[in-house]
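Both complexes shown next keep chain A, but they swap its partner, so chain B is in the first and chain C is in the second.
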Partner chain A sequence: MRKNYAILIVLSVIFILPLLITITNSFMSEAEIWLNYTTKLSTFDLVGGITQKFVKFVLIPASVTLSQYIAVLFEQPTFIVLLMNSIKITLPVVLGNTAVSLLCAYAFTIWKWKHKEKFFFVYIIVMLMPLQAVLVPNYIIADWMNIKTSYLAIILPGIFSPFGVFLLRQSMKAIPKEYFEAAKIDGASDWYIFLHIVLPQMKSGIAALSMLVFIEYWNLVEQVIVFIKDYYKEPLSVFLSRIADGQIGLIFAASCVFMFLPLWFLAMGQRNLEKGIELSGVK
Partner chain B sequence: MKKVKDQAIWFILPSAIGFIIFFIFPFIISLGYAFLDKPVGGQFVWFQNFIGLFQNSSYQKALRNTAIFMGLCVPLNILCSLGISMVIKNVKRYKQLFTLVFLIPLVIPSGSMVFFWKMMFANDGFINGIIVNLGGSAIHWLETGWALFVIVLIFIWKNLGYNIVLLIAGISSIPKDYYEAASMDGASKWQSFKFITLPYLVPTFVLTTLMSVINSFKVFKEIYLITGDYPHESIYMLQHFMNNMFSSLNYQKLTTATTVLVIGITLITMGLFKIERRVAE
Partner chain C sequence: MASLELSGINKTYDNGFVAVRDFNLAIQDKEFVVFVGPSGCGKSTTLRMIAGLESISAGELYIGDEKMNDVPSADRDIAMVFQSYALYPHMTVYDNIAFGLHLRKVPKAEIRKKVFEVSRILELEELLERKPKALSGGQKQRVAMGRAIVREPKVFLMDEPLSNLDAKLRVQMRAEIAKLHKRLQATFIYVTHDQTEAMTLGDRIVVMKDGVIMQADTPENLYNSPANMFVAGFIGTPAMSFIDVEIQGNTLKWGDCEIVAPILNVNARVAVLGVRCEDVHITNNMNQNYATVEAVEMHGADSFVTLNCGQQMLLARMDSSRAKNISGQVPVYIDINKIHLFDKENGKAIGLTKGE
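And then the complex of A and B:
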């Protein structure tokens, strides 16, 4: 029993260390960052007989300061612009996909068309395709609609992505059929049933879906490379690697600001994320 | 009693229209391009594009690397996550907390960790510092075949949590009586793992394999952000090939590669489901 805890604690420390170093180092002064993370030799080093320097990871900064955060949030207008870009792409996808998928999942639940399972199967097949297989069709349609360099090229396919329909239909299966039938017999319309019976019971399903979609679009990379040609229109997910090449004095704070939302969502709704993962399994 | 009409069609319409416009329709167009010799006014050339694609050395490399990467990651990911899930299942307290730890890498955007990984594996990075201080010689992690190893490591770090959640759910669904009956019959822990846990987890393994295969394409994010447009050739993946074709707008190569990928994933999915059905019987 003791041994199990020991294994888990050691593994947890290893897993959490990259995150921990990123967080603690975001409170480090710029001078200390340069000292630890640049490896160019100075004349001072050469005199001291040092011929090679390596990166040092320091868990606790020598002096704690908020200067990185102040620089990132108040002195770097580009950072805020790029953060807004991430929001401009992610928010419409999360809201749109959840709304469209909710309606569709409900339709699949109550629909009596005999070919509906076949139609649903098409959704599943497309859902299983990795991004690499979907990008070219996305590009073709964006080209036809002339939205190739706009966020719409990323947002629209995101809204209609079949994953949400699948996840919410899975989640809706938990609502007993009798609820619908009873309401139908009482003369309730489908809209009424959807709004007053289904929606209130779908809270955790909706939370799970929006979390998974949020995580995916907050971490957008492939679509950006294909569609966005202008640096200042890039979301932060891609631009962070450019900051990492240049302004290392504020990279840790920039990284922390960017991962704050997903981490906060995880802390608020760990159970929802787990539920989302469990439901997303095709069975 | 009032007669209520079936209104399902109105609920499905927004999704169905968008789904057809943004996925099904361009998929069909893409499939069409794969059989033409040029995008505008092209002629039907049967499988010429496919033959050309498979003879392309960059594509061969990308396909091989993607296959090698999956061959390493998918089993490794399942083995590690199975081990950890069994341990988490066996502790009495803090189960949620330990699961949380493994879920954290999954939600952190790849971009936020780029600088850390670069500093870890750079030529004058943290790991080489340790190696040199111990008297070894530095390894060029990202510029040699070691790059594949580094990427596998980062992938496992990021994706273990996903499988752990699925496996813990799978393990929890096995009825407790089975283990009690087995231990009454004098079965050892290893025996009950081998004869109860493993067979019952087969559907979960099929699921985790499928999801790991699909998720393993996402490793491009890390590779691109850490190593840029020109990674070491051992981590040149399918998406790198596609990006090159996008920048030269080679519709034939793009659509043919897409078609091959769609067929490939469909075959893998069908194969896995067939395995599951056979085991279920």
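And then the complex of A and C:
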């Protein structure tokens, strides 16, 4: 038992360390960051004859200051604009994908129709394709639809992404079919059953899906690089990857602000997330 | 209220499996009919076809005078109680019972009146604000009944409604369902695999096997004159003893045992003799045979004695006080007026002239 704990503790430290460094360093002054992270330490490998360069990590700032946050939130208007861009992309995807997935999962779970399983198989195949493989066809279709440079090119594929259908179908299957049959005998329409019997029992599934989708689209990079050409239309996720060149003094506070929403959601809904994923049988 | 008629009902699934075959039955108004049989015999499928939850592959279903084959469940004026109760977990007991009435746009005040009336009948008044999670098995069962009753349907369908209860509660609820049937004066169709439930509740019992009706009759007739070996073995606890016999004139022979039976029109040389345990007497009689006691099972007032009679097993019921001292070789008398004889090939009952 003790050995297991030791492994767990080591692993936890490894996983938490980057997060911890980001948070503590966000209270560092800009000057200190420049000092710490732009000077590289050199070691000379005698055997290989190569000079390797390392950056030293500092956990505790020499002096604690809020200057980074003030700079990010109040002195850098672009940062707020980009944060809003992130929300503009993520929110429609989360709402749209959840709604579409719920309806689609209902049709796949409750309705009896021919070739249902075959269609679902296609869904799973699409789901298993890596993003990079789907990106090119996405681009071509976006070009046809003339939405190549707008958020719609990112939002529409997000709304109709098959993963949600899969996840929700799995947890909808856990609802006993007698509920639907009892409601049908009582004279309920599909729409009524969906709203009054399925939805209230899908709370965990909906919470899990919306959180997973939120995190995925909040951290979006590839699609933006492909579709969005204007700098001011980029979401924060892409901006963050570039902030290191030139504005490194703000990187930690910017990261913390960026992380805040996903972490807050996670904290709010962790129980639902676990339950939702458990119910769906996806592990 | 309503009578039902099922004529030539068939159910074939997409994969070709035939679940119900040529099911013919007329159910009278206010009758309590029980479908009974082992699992997979098609009893639930038949009930679900009546409910409209399964399509009817062939045949006709009438409720009252109206053909119902293609009428949606909601318009058949039926209510169904499920084995799992199917109480909506996010609704209170009140909302669960009121659900069907809300859907039918019954005015709120009337819904209230009806729900309270039903909850009084079923003693649910204290529980109306609770969610199903906070109810015991028996209470859930009552709520499920309440949800059916409140709609005042023509026909009540019940799919193994008591199977999820423990034995004691099951007996209690069984009595309540019988009381309810009397009070509501409605047609009940009840599915169970428990033959005791079927015997105690049904005005008429439909015994099914492999999608086919084996016999449909009153409990008394099923018990006293089973139409075939399956019904004979299925109805009654403990099950009827079956003995392979040779027929010689009016004498049935097996091993070193024989009895003289009042046989009518039998051409076969062999048959299966069926005897209920209460018709086997361990006592001296003119017609007696001898058997060895293999085991004695005490069940309170009665004991069941397993006898080896001519190398075949025969069960006898006797008073526990007498059974205590019984062992070894005993004289056995089989009441020849109560015996059953079945065709060895197809299991059908062979006509006997009874001594009554």
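Here, the second predicted complex is superposed on the first by the 255 of 283 C-alpha atoms of A that agree within 3 Å, B and C clash if a C-alpha of one lies under 4 Å from a C-alpha of the other, contacts with A are read in each partner's own complex, and residues count from 1 in each chain.
Convention: a residue touches a chain if its C-beta (ideal position, glycine included) is under 8 Å from a C-beta of that chain, and two chains touch if they have at least 3 such contacts.
Keep in mind it's a predicted model, so treat the numbers as computed, not measured.
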**Report entry** Partner chain(s) touched by A:Pro77 [first = chain B, second = chain C, both, neither]
**Finding:** neither
Query raised in the report: Once the shared chain is lined up, is A:Lys184 touching chain B (first), chain C (second), both, or neither of them?
Result: both
Requested in this report: Kindly classify A:Val126 by the partners it touches after superposition: chain B alone (first), chain C alone (second), both, or neither?
Outcome: first
Report task. Once the structures are superposed on A, label A:Pro176 by its partner contacts, choosing first (chain B), second (chain C), both or neither. Result -> second
Query - Comparing the two partners chain B and chain C, which touches a greater set of residues in chain A - result: B
Report task. Would you check which partner chain A:Gln201 touches, where first means chain B only, second means chain C only, and both and neither mean what they say? Result -> second
**Report entry** Common interface residues of chain A - those touching chain B in one complex and chain C in the other
**Finding:** 184-185, 187-188
Query raised in the report: Which of the residues in chain A end up touching chain B in this complex?
Result: 1, 4-5, 7-8, 11-12, 15-16, 18-19, 21-22, 37, 39, 52-57, 100-101, 103-104, 106-108, 110-113, 122-123, 125-126, 128-141, 156-157, 159-160, 162, 165, 184-185, 187-191, 194, 215, 218-219, 221-222, 225-226, 236-241, 244, 248, 251-252, 255-256, 258-259, 262-263, 265-266, 270, 273-274, 277-278, 280-283
Query - chain C residues within the chain A interface of the complex - result: 51-53, 72-75, 78-80, 82-86, 88-90, 99-100, 103-104, 147, 151
Query raised in the report: Across the complex, what residues on chain A touch chain C?
Result: 176, 178-179, 181-188, 192, 197, 200-201
Report summary line: Listed in rising order, chain B residues that touch chain A in their complex are 1-2, 4, 6-12, 14-16, 18-19, 21-27, 29-30, 33, 84, 87-88, 90-92, 96, 98-120, 122, 124-126, 128-129, 132, 157, 160, 162, 165-166, 169, 203, 207, 210-211, 214, 217-218, 220-221, 224-226, 228, 238-239, 242-243, 246, 254-255, 257-258, 261-262, 265-266, 269
